[in-house]
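Read the structure below first, then the notes.
Chain nomenclature is as follows: A, B, C, D and E, assigned in order of appearance, with residue numbering initiated at 1 for each chain independently.
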Amino acid sequence: GTGGGEEAGAGDGGTATITVFAAASLTSSFEQVAADFEAENDGVDVQLNFAGSSDLVAQIQEGAPADVFASADEANMDKATADDLVDAPALFASNTLAIAVPPGNPAGVTSVDDLAADGLNLVLCAPEVPCGAAAEAVAEAADLDLSPVSEEQSVTDVLAKVSTGEADAGLVYVTDVIAAGDDVEGVEIPEDVNAVNLYPIATVADSEEAELAQGFVDLVLARTGQDVLADAGFAPAP
Amino acid sequence: MGVPRWLFVPALLGAAFVLLPLVAIVARTPWSRFLELITSESSQQALALSLRTSATSTAICVLLGVPMAVVLARTSFRGQGILRSLVLLPLVLPPVVGGIALLYTFGRRGLLGETFDVLGIQVAFSTTAVVLAQTFVAMPFLVVSLEGALRSAGRRYEAVAASLGARPTTVFRRVTLPLVLPGLASGAVLAFARSLGEFGATITFAGSLQGITRTLPLEIYLRRETDAEAAVALSLVLVVVAVVVIGFARQSRSAV
Amino acid sequence: MGVPRWLFVPALLGAAFVLLPLVAIVARTPWSRFLELITSESSQQALALSLRTSATSTAICVLLGVPMAVVLARTSFRGQGILRSLVLLPLVLPPVVGGIALLYTFGRRGLLGETFDVLGIQVAFSTTAVVLAQTFVAMPFLVVSLEGALRSAGRRYEAVAASLGARPTTVFRRVTLPLVLPGLASGAVLAFARSLGEFGATITFAGSLQGITRTLPLEIYLRRETDAEAAVALSLVLVVVAVVVIGFARQSRSAV
Amino acid sequence: MSLIVEASVDERGVEVALEVAKGETVALLGPNGAGKSTVLSVLAGHLVPDRGRVVLDGRVLTSQGRPGERRTQIPPHDRRVSLLAQEPLLFPHLSVLDNVAFGPRSTGAGRAAARETARQWLEEVGVADLAGRRPAEISGGQAQRAAVARALAATPSLMLLDEPMAALDVDVAPQLRQTLRRVLADRTVLLVTHDVLDALLLADRVVVLEDGAVVEHGPCAEVLSRPRSSFAARIAGLNMLRGAWRDGAVEVAYGGRSMRVEGIAADPVPGEGEEAVAVFGPSAVSVFLEAPHGSPRNAVEVTLSDLEPHGGQVRVRAGTLSADVSVRAVSELDLAPGTRGYFVVKASEVAIYRTR
Amino acid sequence: MSLIVEASVDERGVEVALEVAKGETVALLGPNGAGKSTVLSVLAGHLVPDRGRVVLDGRVLTSQGRPGERRTQIPPHDRRVSLLAQEPLLFPHLSVLDNVAFGPRSTGAGRAAARETARQWLEEVGVADLAGRRPAEISGGQAQRAAVARALAATPSLMLLDEPMAALDVDVAPQLRQTLRRVLADRTVLLVTHDVLDALLLADRVVVLEDGAVVEHGPCAEVLSRPRSSFAARIAGLNMLRGAWRDGAVEVAYGGRSMRVEGIAADPVPGEGEEAVAVFGPSAVSVFLEAPHGSPRNAVEVTLSDLEPHGGQVRVRAGTLSADVSVRAVSELDLAPGTRGYFVVKASEVAIYRTR
């Protein structure tokens, strides 16, 4: 149903606006999807609000004018559903971890096991944030005792440490390695020890443009959206 | 003349410490893509929004901060010390916590939310919210520098003016304000600079909507998710804008 | 006496604007869990680290910033205006960008990285990095407030001292410094407060490891991911610490 | 009475009461630190006395620490009292002209009218050509004159002038004195000065302060010709010896010895044992190297401390006493600091009167 | 010569050259705004002249705008020149004692020794009891005295004193003058003053400035008895008429008319047409209501502007001239401001000499 929004409230060249709250890691993908949505729906304007998932939940809790919420993890979406702030969420993508190393891989990291090496400057996300939880899962699955020099707040912070060569290795999402281009090199983590992070999306209960909002969610779940996400390195939701 | 020679050693060290990182930024700027990066629509919008909101919040800081500084410097009442410390707090509060506090206050479920709702005013997630966030973090700068200037200017000229028959308002307008103008100007520059760089409180309280609440620092943060070099290029724009504004403020001040 | 009555209206408005968000924080603090939250080991470590690093960076700001302020206020040379604007820049730079700039400078592959490597100094991920980040963002506060104080104090007393045979160093130590002590004190308080609240540059440049680089603001951010109320409670601790430190600084200053 | 003051400022050891009639100019004299500026500060409302009351034209400006009376402290701008302080304190950001125009503007005059008034006053004090300068660009004496003009341009009910003539050159001092004499004639003024000439020419009455208290007051001529305080005697250029009236003479302790000073006792003659002063001019004093013989004379043994030229003669000082002698006498007697000798004055040249 | 100065400060219209010998005290006199403080600022090194040269004890302190000579500007602290400015400027954060001890400490004395020196100087100027106070807690005159003590406690090669006696009470002025006389005796000093007495007692020579230029200089007694500038005449209390020497008299334009003033011409007699001055004291002037007849007399028609008491007589002023007459004469002739009459002076009382 890509046509869902056509007959919706703002169909006849009006100036309807929907606001999409999306995790910062979705920035480039959702900018593309929003452009597609605007192209399909004449006169509809999509406003994108990117921030950390937990920021977004807090903002919705305080009455922010959101129509769609896309989270980078289930925990934050659960907070929103618990408060009945959103309608039933749907999973629209998944992401797995990869090892990021500086260009040239100076510490010679080639496998997960190398992460436990002595004197390696390893950076992870803190266990409190989604990518940190995933990193813990990887360590457990691979039975590694990791001692990071830093437990970062977000994937972006891990990437920054790696791309500047400050850290010898970091655990980030596959999508991040792709987005970073030449700044880092990726080392794959075998599927059996990898962790999978799921991305849920939902319409916001208070939305004044419920139909358009649902249209956007549908577009993300439809082929158009899924292709865009796949280009960025996301895997489809299970 | 008059400055001990050896002072130049730590002064140079300090200057180097502050300037080297700026040099490093310039060195890492992707000059080939620079123009394209900074002329993109979203950058332009963010820059315009930043300038507009920072100017507004600086104006509010002056309007509310000057009276606060005068009251703190020129009167004494029980609890003044605590009040002064409290007014400094936005300085120490991590900006995101400041943003949360603002949400708790002006948000729909906040302290004043209902009042505002009744009045039909939606503050959070609007350009107004950006201005409020910037004003909140920038206010202490203005108050502190101005209070210092007022204290060191002393009260002798005000006493003379009063004895010539000038009412407090006249004294304030024709003696106090002109005497502390340099202090007020540097306070305003500080407040403007702080507003221009404000990030944490804005993203938390105002969100990040292109053209409405996404100021240049927010745009930089967002770019960084996907393209660290672009973020550096935009930071350089911010730096240049700041230098121009600060330089301009200095010039027009010394022209007075 | 002497302050125009009407000034109290905007002053009150300003005070309310700054204080209401603090009230809102207090109102949302989960008092039942408060003690447990703030006495947890990680909170204690973060607080101790914050106090230690902020004190150190304030000391460095004084050591390097006082000479810079004196040179800016008491000499004139070509390019001084630009230098002054540049020194203000860390104010306007979003802290995260400041952190990146520091990485580009002191990081392993930064401008000075090799030099440091040769000297065997490892800055990154150490407490030293925290201090550097705090010093970088706090320095302009000290320089700006002190330069203002120096300018308004004027040079007349220094001229008298010189004519009594005092060498520049003596003049600096026995006349200049004591005269601007209030300005220096409020500059140091500002710098300390800014260091205490510093988040963005620290996380970007120094990382976040309990007991080593995770200061209280970083701890607050992290808590917020899982438990917003806990973050609010810790913010309150930060606020209280700041009020105590600022109040203490004021008292010991007026005792001088 | 236009002005009635009673004020105690404990910290400065000042406890003063004085009155000024409407249109009267009173000169406040006294040594450094006597409390003159303190009294002016209390009147101007810049200093709150520990106890005291200031009433101007029937309006209570200050009332402090008076049981049964409401505390009052009218703010400075509302007192209609203008103060010319010891330092010029010209507003540094205004031109000299606008400094002087400040008072008139503040009390309601339009910009043009105020400037016109200011220009006239600058003319009066002789610095009209500096009207456009900033205070930092004029000399010390010029600043002092501009400050005088500024104080005069305000038209208050009470003017307080703290040493308006200090720092003025000999050229302008008489000229300004004339100006002040004219413009102060019908104003109520309290004038602090160290110059007898100012007191004589400008004031109707003088009040002498010493150590924070009024020690003497009265019409200028009376105080200066019949001083009761040693400070008044000194500024009048008279010698004074103080003691108790006994047996038709004043018993004085001077230079460690006791002696009797005879003279013409004024009515009312002091009672036996009452405090009295013996006053005589320096020109009535002769200097001898040996103790003179011959009865109706008072002789004080002295060591000369200092000689200085004084209008064609030489003023010879010894402690608090002085004598005017001819240049010839000085060279004949070979007088110099350190010379021991006698100050001799005829009883007929000594005025004796009670101290209160 | 210990000190040789030549300095031009264009912005202030000052162009001065003067010299002071080692151990000599030179008084710098002149009307407000003449440039006295400016000269001192140049000497102290606080003001850089547009062109000029300052040499102290053979050391070039300043050399500016002199072709072929290296620019020099020794910083203030290195000049061994101490300046007592027109305002006391006591360091507000130091006690009075430490203010005075500042100079000795800065030039190497230990804390205790410096304080001891300071205490002695405070004693000298009579404010030893205020040693522990802060400058904000003392009176204007007390501050002035402390500032004098501070300047004296520094032991520079050259002392610059800008009106050290202003704001002092009659009590302390003579006492301080004695102190200065003693301590300045063997120092090299440049002293700005408005008071002739200071010049006479403290200075070996005077230099008179007018409008930024030296108009006259010489030993005190000579300048004051034979003034060549009108300012010197006024401070010496003498009348001066200036004109061209023609036919054995000075042709003067006064009050719009031309007239001839006769007198005793001093050697060297002025050449025909050369500028000359006629000088006479006020006591030599008689006042008449009608033009007097009888030949060897000079008569000037005047309108009285002002009368004031002057040491037992009355000083009658008319424009720039003045006469001292008895009180009886005033009442007999009914003299008052506005009275028209004649100032008459015998030729034998008039000194005539060339102006250069």
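Simple rule for what comes next: a residue touches a chain if its C-beta (ideal position, glycine included) is under 8 Å from a C-beta of that chain, and two chains touch if they have at least 3 such contacts.
Chain identities (UniProt): B, C = Molybdenum transport system permease; D, E = Molybdenum import ATP-binding protein ModC.
Everything numeric in this text was worked out from a predicted model, so none of it was measured.
**Q** What are the mutual neighbours of subunit A and subunit C in this structure?
**A** B
**Q** Counting only C-beta pairs in contact, which chains form the busiest pair?
**A** Top-ranked chain pair by contact count is B-C.
**Q** Using only Cα atoms to place each chain's centre, name the chain farthest from subunit E.
**A** Using the mean of the C-alpha atoms as each chain's centre, the farthest one from subunit E is A.
**Q** Indicate the whole-number Å distance between the mean C-alpha point of subunit B and the mean C-alpha point of subunit D.
**A** It comes to 56 Å between the two C-alpha centres.
**Q** Using the average of all C-alpha atoms in each chain as its centre, how far is it in Å between subunit A and subunit B?
**A** Going by mean C-alpha positions, subunit A sits 33 Å from subunit B.
**Q** Starting from the mean Cα coordinates of subunit B and subunit C, work out the distance between those two points in Å.
**A** Chain centroid spacing, subunit B to subunit C, equals 15 Å.
**Q** With centres defined as the mean C-alpha position, give me the subunit A-subunit D separation in Å.
**A** 88
**Q** Could you list the positions in subunit C whose residues touch two or more of the other chains?
**A** 1-2, 100, 104, 110, 162, 167-168, 171, 221, 224, 228
**Q** Any chance you could list the residues of subunit A touching two or more other chains?
**A** In subunit A, residues 58, 160 touch at least two other chains, as defined above.
**Q** Residues of subunit E touching 2+ other chains?
**A** Residue numbers touching two or more other chains: 75-76.
**Q** Which positions of subunit C touch subunit E when the two form their complex?
**A** Touching subunit E: residues 156-157, 159-168, 170-171, 174-175, 178-179, 181 of subunit C.
**Q** Spell out the residues on subunit D that touch subunit E in their complex, using ranges where they run on.
**A** 30-34, 36-38, 86-87, 138-142, 144-145, 162-163, 166-174, 178, 194, 196-197, 200-201, 231, 234-235, 305-306, 308-309, 311, 317
**Q** Which positions of subunit C touch subunit A when the two form their complex?
**A** Those residues of subunit C that touch subunit A are 100, 103-104, 107-110, 124-125, 203-204, 206-210, 213-214, 218, 221-226, 228.
**Q** Could you list, by residue number, the parts of subunit A that touch subunit B in their complex?
**A** 19, 21, 24-25, 27-28, 47-51, 55, 58-59, 61-65, 156, 159-160, 163, 179-180, 183
**Q** What part of subunit A is in contact with subunit C in the complex they form?
**A** 52, 54, 58, 75, 121, 123, 126, 128-129, 148-153, 157, 160-161, 164-166
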